[in-house]
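What follows is a single structure, written as structure tokens, with notes after it.
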Amino acid sequence: MSVPARRVLAEFIGTAFLVMAVVGSGIMASRLSPDDVGLQLLQNSLATGAALVALVVALQPVSAAFNPVVTLVERALGMIDTRTAAALIAAQFLGGLAGTVTAHLMFGLDAVTFSTRERTGTGLWLGEVIATIGLLLVIFGTVRSGRAEQVAFAVGGYITAAYWFTSSTSFANPAVTIARTLTDTFAGIAPASAPGFILAQLAGGAAGYALIRVLYPTLADSPAAIAATRKVLS
Amino acid sequence: MSVPARRVLAEFIGTAFLVMAVVGSGIMASRLSPDDVGLQLLQNSLATGAALVALVVALQPVSAAFNPVVTLVERALGMIDTRTAAALIAAQFLGGLAGTVTAHLMFGLDAVTFSTRERTGTGLWLGEVIATIGLLLVIFGTVRSGRAEQVAFAVGGYITAAYWFTSSTSFANPAVTIARTLTDTFAGIAPASAPGFILAQLAGGAAGYALIRVLYPTLADSPAAIAATRKVLS
Amino acid sequence: MSVPARRVLAEFIGTAFLVMAVVGSGIMASRLSPDDVGLQLLQNSLATGAALVALVVALQPVSAAFNPVVTLVERALGMIDTRTAAALIAAQFLGGLAGTVTAHLMFGLDAVTFSTRERTGTGLWLGEVIATIGLLLVIFGTVRSGRAEQVAFAVGGYITAAYWFTSSTSFANPAVTIARTLTDTFAGIAPASAPGFILAQLAGGAAGYALIRVLYPTLADSPAAIAATRKVLS
Amino acid sequence: MSVPARRVLAEFIGTAFLVMAVVGSGIMASRLSPDDVGLQLLQNSLATGAALVALVVALQPVSAAFNPVVTLVERALGMIDTRTAAALIAAQFLGGLAGTVTAHLMFGLDAVTFSTRERTGTGLWLGEVIATIGLLLVIFGTVRSGRAEQVAFAVGGYITAAYWFTSSTSFANPAVTIARTLTDTFAGIAPASAPGFILAQLAGGAAGYALIRVLYPTLADSPAAIAATRKVLS
């Protein structure tokens, strides 16, 4: 199998496991701790963050965006070409759907159940803008400063936290958002609420891209980046 | 003591501690938080994941599969020979039994009590298939891409998450499954339910092996990565 | 944008996200788990620590003190000049305010609401002294011994723990303290209580600085340590 | 200040912060979550493990055993001389006492209150033996295989887990045990129960030492691993 095909497969598998982590842990949490929604979100957020650490460590050397906004920013930064980006994004959406269906089958639910949970309003949309800016800052800040081997831990920590500090519980990912419209469980989002979330994520993506260009104008091997890094040690 | 004997001992000790972590933390959790099963699983999953980080960091340079499916895949990939695999797997099963007995004695229980907790059904079996595929992907994806020193964190994160996102709470390990038949506590599984779980784990093992061959057809190809990987595996 | 301007921006953005993590997760926690303050603090402390891991990993190569006391100690150690320190500290205070306002808007609250939560007394002030000494010890001990790439994990772990083991829940940061006067939510502190906290933080800063000078009189001076440090940056 | 004096100070400060983390988080947990002892132990165990990550990362390059049994094993392995070991152990006991007193003063309690909590019985003593064997295996396995820079994470993970999987909640440290006799709070142990715990820890220390000699008969034998290990230990 050629390298691009491996990358497409890695995005499919990784996004499927990510959505399984989000949806499956939400089902388990609401079944086992029915009396405290905060405890459910704690279980859901720790499971998601821990899964991200594992998935990014294992799949990053092949391909591990799992997120169309991240892939679009990689395209905008010239890291990949348009055709590759399109293929990876398609794999992310399909992987997300596979993740929801697999989670449902594991837990004895119908393969697909449309969510009835509305998530709308300016507060939540601002939450998604902020969540996406932060995610991009964490991913590309880490990579562009030459710490690619720490991305998994930064992303896992960020998402665990952002479940709590953003009002929207930080979807920050269009593929995961679509996948979550298909589950009428803890992690679900009503299909009618998805466009608002995705538009907010794209807006956050544009803002995050601009911020990255300002904070990290070049990859780590520029003299400026090296000098800035050296500062920390002196 | 020759290197192979050290490896056998490391598998025995490591699997014993892993099963102690699973069984012991389950006993403690159900005693101290009797009113919320979800809180018990949170305690159980965090303790198991944290123990795995420690055990894999400390024992990986000797031998740290702790899992017959992992050892079988190592054999299939040509990393070890058949006799070594057989010895390691025997040590894993014996270590698991020692872990259950030790946990029971620490908590003042009879050395062995057969579990009465049935765990059956296609949903749970699918959970074990998925759990095992994911575990193999995380372990071998990490090692084969030259990140062997991060395996402990990836595995610890994965298992913590998979307790939550798989319907079966992710046993994913035949030696641990057998050891858990011998404890009529939180982590137990009725002996009659064990064959179904183990068959599902083996099926997941076969699927995971195929996936690894596709995603990581070769070891990481930089000389440093290969050297690092080889050192850990030898 | 020149390097110093990037540093100012990084301090602004990073402190804003840190305060969002503190304030936002406190709002979410008290809304979702209203019956158990300890569970709220667990959610709040894990979110804050996890956010710190992400923010420090991503922003450290540009600038990631997020804390005037830390910046003052950097100045005292000769790592930065006075003008840079002043600019970074200003950015931290402004970033903190932006963080509170953004958290409020995300959660549908007024932009600013003065806290009514009094936090005074010698026990709490001692808590802040201890919390700040420990934070400085962790940051500068790690950096000065050539482990700069592990600062994020050390700081994240320390703050998660210090929320619990200090009576004051470890503010340990004047910019964050001021930002928390502007939120009448879980993480708030009454404006009248802020001066006592900040004085205690400055006292802890002086004590921490002295301790660092004794424990780490020089940068890691063995050739191996220097080589290891350089390797991370190269 | 000469290097040995720095080491003594590091052991004093580090053990004081470790005991503060244990005792202080126990006080906070029992005050804020009075209705669920399991939730208290979760808060206590996560705070302790997170503090250990920070303290070991920051202090390991100076000295970071914080535990007389660990120091005794270092002596038995020839890593330090008898006089140094005695000085470090004295600092650990004194640091532990300082930690309890400081925690009490932060939380508005009398400086010292003898614990009335009995902890006796063969199950608990076996728990301490197992806890100490595991701790030594994790520390020395990690260091002797050339992964000294990961000790902090391994130890933090191990202790978090061992709070749950050992019946004794894993004191595993004579200096911390003595310090915990002086606090009639969540983490306390009645003075009359301390000798049994300490004897069990010493027995576990002897068994752990033997196990390390078998599993890791030599230091990691690559030059880089040896250099890295020696650097940390020197």
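Annotations
The chains carry the letters A, B, C and D, assigned in the order they are written, with residues numbered from 1 in each.
Keep this in mind: a residue touches a chain if its C-beta (ideal position, glycine included) is under 8 Å from a C-beta of that chain, and two chains touch if they have at least 3 such contacts.
Computed from a predicted model, the values in this text were never measured in an experiment.
When every chain is reduced to the mean of its CA atoms, the largest separation from subunit C belongs to B. Copies subunit B and subunit C of the same sequence differ in orientation by 180 degrees, per CA superposition (steps of 5). Under half of the residue numbers found at the subunit A and subunit B interface occur in both copies, marking it as a different-residue contact. Each chain gets a centre from the mean of its Cα atoms; for subunit A and subunit D, those two points are 38 Å apart. Inter-chain spacing, taken between the CA centroids of subunit A and subunit B, is 27 Å.
With centres taken as mean Cα positions, subunit C sits 26 Å from subunit A. In subunit A, 36, 39, 42, 46, 49, 153, 156 are the positions where the chain touches two or more neighbouring chains simultaneously. Two chains count as a pair here when they touch; such pairs are A-B, A-C, B-D, C-D. Of all the residues in subunit D, the ones that touch subunit C in their complex are 1, 6, 9-10, 13, 17, 20-25, 28-29, 31-33, 35-36, 39-40, 42-44, 46-55, 57-62, 102-103, 105-108, 149, 152-153, 156, 227-228, 231, 234. Touching subunit D in their complex are the following residues of subunit C: 36-39, 41-42, 45-46, 49, 121, 123-124, 126-127, 130, 134, 137-139, 141-142, 145-147, 150, 153-158, 160-168, 211, 214-217, 220, 222, 224-225, 228.
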